[in-house]
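Two complexes follow with chain A in common, the first pairing it with chain B and the second with chain C.
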Partner chain A sequence: MQERKLAIVDLSKGKVQTYTIPKSWRRGFLGGRGINSYLLYNLLEKGTDPFSPRNVFILGVGPLGGTLAPSSSRFSASALSPETGFLGDANCGGFFGPELRYAGFDHLVLRGKAKNPSYVNVQDGEIEIRDGRDYWGMDTYDVQKAFRKDLGDVESVVCGVAGENKVRFACLRTGVKNAAGRCGLGAVMGSKNVKAVVASGTDGIEVEHPEEMLEVVKDIKDYLMASKITPILGSMGTPLLYEISNTIGAIRTKNSQLNAWSDSLNAEELEKYVEKMISCSSCFMHCRHRNMFDGEGPEYTAVGLLGANLGLDDYPEVIKLNNTCNELGLDVSSSGTILSWAFELYKKGLIDKKMTGQELRFGDFELADELLHKISKREGFGDILAESSKAVKKFGPKSEDYLIAVKGLPQSDPHDVRYIKAFGLGIATASRGADHLRSRPTLEIFFRLPLEVKEKIYGKGVTADPTSYDGKEKAVYFSDNIFATIDSVGICKFICHGFNSPHFLSYEHFSKLLHAVTGMRFGEKELENIGKRIIDTERMFNFKHGMTAKDDTLPKRYFDDPMKLKVGKGHRIERKGFQKMKKRYYKLRNWNEQGRVKKQRVKQIESYGGLP
Partner chain B sequence: MDITLKLLKPLNDVVGQNELSIKVENGTIESLLAALSNDHPKLAEEIIDEKGDLDYRINVILNDKPLSDLNVSLNDGDLVTLFIPISGG
Partner chain C sequence: MKYLFYHPEKCTGCKQCAMACSLNKFGECNPKKSAISIVRDEFERYEYAIVCMQCEEAPCIEVCHQGSYYLEDNVIKRDDDQCIHCRLCAAVCPHSAITTVGKEIVKCDLCDGDPKCVKYCSTEALVYEEETKEQAAKRQELAKKILSTS
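And then the complex of A and B:
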């Protein structure tokens, strides 16, 4: 059986230590997000400041990463988040994850802080901390080009100017648009005086049963290609979702003051500006766009949050803002949410020109672009916005009432969750804060999914009506578990069950792929249990760093203000219904009434032990 | 009676139009599907299953009301929106 390696790079001491990943960890947490979260729980002390050298920055790839398994491009980046103070974790496509494995490592931990701007070079089993002064100050595109020019055919994951300046929502970037976007991981990298991790490797990945692998992959590919959803995603990607959400009145508009916006941002309009569709490593889905303004994207998130949420309805302007975020290394979701929050606060008179230095308003492309640049450099008012939700300290306590965030993390996607209640529970309880990619039971939007099909997926007791609170904890529980497993095997959620289709890849497929690649047999139930274990580990981490059940909540506006337009009109989240749903979710997870993982379970998880 | 049928992407690509005006015999979804099979067989093929029912993966919004049960009465001038509800991303 192939060995998998983990390296701990001490940036302060300039030392690298390499370990073989214990087999028990691989059985218990698979890899990628799972092992990252377990490492975080073990390595980080209570009371650590996210920007202190004591924070750790982890990159991890799952066991399927970089193999022939479809869409196996993903890696996870994790740290204590400077945006939330809790779990920081983000998953990313592109080509870096596979390359890190070809270079000999599945997990890389950076601890301490480099004396001078540096980069970490990983090449064919060797790791070096190198002088990065020449690269410091470059944007995310230029720096990757410079590494290629200087080092040859390498893949890199970098922070932009925003990361160097510790903007709390700075992302990591690899390629033009691929981002480990959420939770400010680019800022953690920057705080360690590291500009990039660069990987290149000539070693392939040893596959335990190559013939079996070819067969399994072929079957899976045929299975996915037979789906109606596959060609749709491959021809239009996520921007298709804008029109769908807008039709049901679920597009966050002008900081969720409204819930529907212009048809001019429908995917049909975007097609005029798409050069071609492209894909990540090992992926035949090719769901992403190269745009005609020298960039990639936008995804649905950018369309909604840099479009409708900022009051913009012109596609070229939205694409340009998307490109600006990509270039500067800013998370699109937090950027769109924080800007719209400030615009509303200004309109309401809660902040004024004395603080902002200029008039703020929705629907002004130049203003938004200027502010994004200021944020990335922490210049003027940009310095306050760069604090993300922590800007409440400057804006005053009343400002929090208008902040669309959970646990300090601005909501990730443009979907207003007041109509579909399970979506609300999902973002309220997700381990990294308001985020749809952790546990959103997206199938809830299939309004005509027969109850028996729903019950088969989510379990008995789930209700058909998306506006009901009854049984919705089951839908979130299912999604939470399977998404954690997906993030830990190393493939993309896009082709997996429960996200875009009830007929995409599930535990049975993961089990076959894992056997072919690693020779290890994982039962379907066992894989589901791994997902549960990861969720519990992340909960333990969060509670260690000060989270309580009170943090599992929603923005005030979602409770108090009914939606105003279209299908969603009149809908909001009722506090009572929400609290009951949350309680039932805790019970299902076997957490105590305060949402804490029970002692016995903590002991069980801790028994996986530390590094050998 | 006349019903306006709105089709979201990619269903609109099948007929090359975002909206169709459909004449239906009586106010049921069944008669709407029958009219579609007649006038727009390609679209019907995309959205109607082997049993002759509307595929469960197609969402239906009648004016501003999403339908879980298709047993409803349509009125002259109603707007029916059809779409495939992808929502990941």
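And then the complex of A and C:
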């Protein structure tokens, strides 16, 4: 088995220390998000301010990253989130993750703070903190182009102007649109005076059983390509989900005042503005749109949150806002949610021109674009919006009633969860806040899926009716576990079981791929248990930093205001039903009544130990 | 005669061709150590494969003073045992299709008639098929053009 490396870069002292990743960690947490979360739990002290040099910023790639394994482009970035004060974690595709591994490292930890604007260069096993003053102030496109001009064929993960200015929802960017979007990790990078981590390496990933890998991947490729949904995902990408949600009346519209919007944002309309579909590293699906406005995207989140949620129905305008977020380094999900929140508050008279400096309204593309620029520079009213959900302090306590966020994280999913109850439980309990990529049991949306299929995936006791609370904890539990494992092996959820399809890749496929690449044997049950261990570790981290069961809740509007349109009409989340479902979820997780990981389990997880 | 054909408009830039090639030839996944290279730049908005065109008048065979390159069943092959790693072949290749990385020199040999790059391409940007007369004429014309300008 090939050894893999981890490096800790102390930006304050200018020192780099390299370690071999303990085999026990690889067995217990795999890599990527799993090892990142375990490291965070170990390295971060209670009471740390997310913007202080004591916060740590971690990049991690899974054991399949950068190989022939399908869609093995992903890496995870983790830190204490400045947007929530809890776990900050985001997963990202593109070509950077593989390149970091080719450069010799699976995990990179940045701690401390550089004296001057810097960048971290990782090349063929060597790590150097370099002067980055010439790159400071550049947008995410220009800085990456500059690195390629100055350093050759490199891949970089960067923060934009928004990250430099510590906008609490600044993302990390690599390539034109790949984002480690959520939780403000770009702001953490910026707070450390780091513009980028740049990677290049000529060493590949040594594969333990090459023949076996060629065979396993060929079988997987044939399996994926035979699916009816594959060509649809490859031509429409995630925007496909817009129409599905909108049909039932579950598209967040104008800050969830409404729940359905225009068909003009359906995926087939988008095709008019697409030059070509392209891929991340090692991907058979090619779900990425190269759009005709000099950018890439949009994804479903951008369509919903920069479209319907801002009251915009013109695709070119939505695509342009998406491109603006990409260039500035802003998280699309938080951007769309925070802007729409402010628009409604203005309309309701909870904030006024004295604070905003201008009239705010839905359906105004120029205004939205201008505000995004102001946010990234923290200019005028943009400085308040840059605080994300923490702007409640400025807007007043009543404003919180209209904020679509959980644990301080604006909801990423454009899907209004008042109808499908399992989606509600998912965003309420997800370890990073209101986010669908942690545990969304997407199959709940396919109403016609036979109960047997659901039972086979989620277990007995789950109910067919998406509006029922019964057994829905099982659907969330299954999804939460498998998504954690997926994020830790280093592949994309798009091709995995339970996310887009009742088929696709599951534990048995991960097991085969892991054996071919590393020679390590992981049983299917063991891989599921790793997912559970990661969820528990993240829970331990969150509770260490002040979270309680009260934080596992939903925006007030989802409880109190029934949906107004289409199939969803009249639906809301009932507090009683929700609380009972949440309790059952805790029980399933073997957490105590207060949602805390039990002492014995904490001990067991802590026994994996620190760095040697 | 079967040839490897590349359709750039279908290429999504995923590099699975190069991953499979390096895995098959060296037991590692390394898109930089592959007989097929994907040159891509998402900011300039292109992705393009570079791979041996099996030239009929092959500069690599002509320039190699060690006799490392030879023709076998219309496929240009390379014998590493004869090679002194001077890299002249890579320097003269009009398609820049000979990869040199570290000590290795890598050139496409069509995997003895079962090219791995084609097997793992999901969009048929790479195909291995019998050449039509039109394709042959086009290929020869292109080769002449490149040779006359290089």
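In this section, the second predicted complex is superposed on the first by the 612 of 612 C-alpha atoms of A that agree within 3 Å, B and C clash if a C-alpha of one lies under 4 Å from a C-alpha of the other, contacts with A are read in each partner's own complex, and residues count from 1 in each chain.
To be clear about the criterion, contacts are C-beta pairs under 8 Å (C-beta built on N, C-alpha and C of every residue); 3 or more make two chains touch, one makes a residue touch a chain.
Since the model is a prediction, treat every value here as computed from it, not as a measurement.
Shared-chain residue A:T67: touches chain C; no touch with chain B.
Of the two partner chains placed by the overlay, only chain B lies in contact with A:E243; chain C stays clear of it.
In the superposition on chain A, A:S282 makes contact with chain C only, while chain B stays out of contact range. Contacts of A:M225 after superposition: chain C is touched, whereas chain B is not reached. Of the two partner chains, chain B is the only one touched by A:S235; chain C is not. Once chain A of one complex is fitted onto chain A of the other, the partner contacts of A:M292 are absent, as it touches neither chain B nor chain C.
When the two structures are aligned on the shared chain, A:K566 is found in touch with chain B, with no touch to chain C. When the two complexes are overlaid on their common chain A, residue A:N266 makes contact with chain B while staying clear of chain C.
Residue overlap on chain A between the chain B contacts of one complex and the chain C contacts of the other is empty. Taken in their complex, chain C has these residues touching chain A: 9, 12-16, 19-20, 22-24, 26-33, 41-43, 45, 47, 101-102, 116, 119-120, 122-123.
Residues 8-10, 12, 54, 56-61, 64-68, 70, 81, 83-89 of chain B touch chain A in their complex.
Contacts from chain A toward chain B in the complex involve residues 228-229, 232-233, 235-238, 240-241, 243-245, 247-249, 266-268, 299-301, 413, 415, 440, 442, 445-450, 453, 464-465, 493-494, 499-501, 566-567, 569. Residues of chain A touching chain C in their complex: 66-68, 102, 141, 144-145, 148, 175-176, 202-207, 210, 213-214, 217-218, 221, 225, 275-286, 288, 290, 296.
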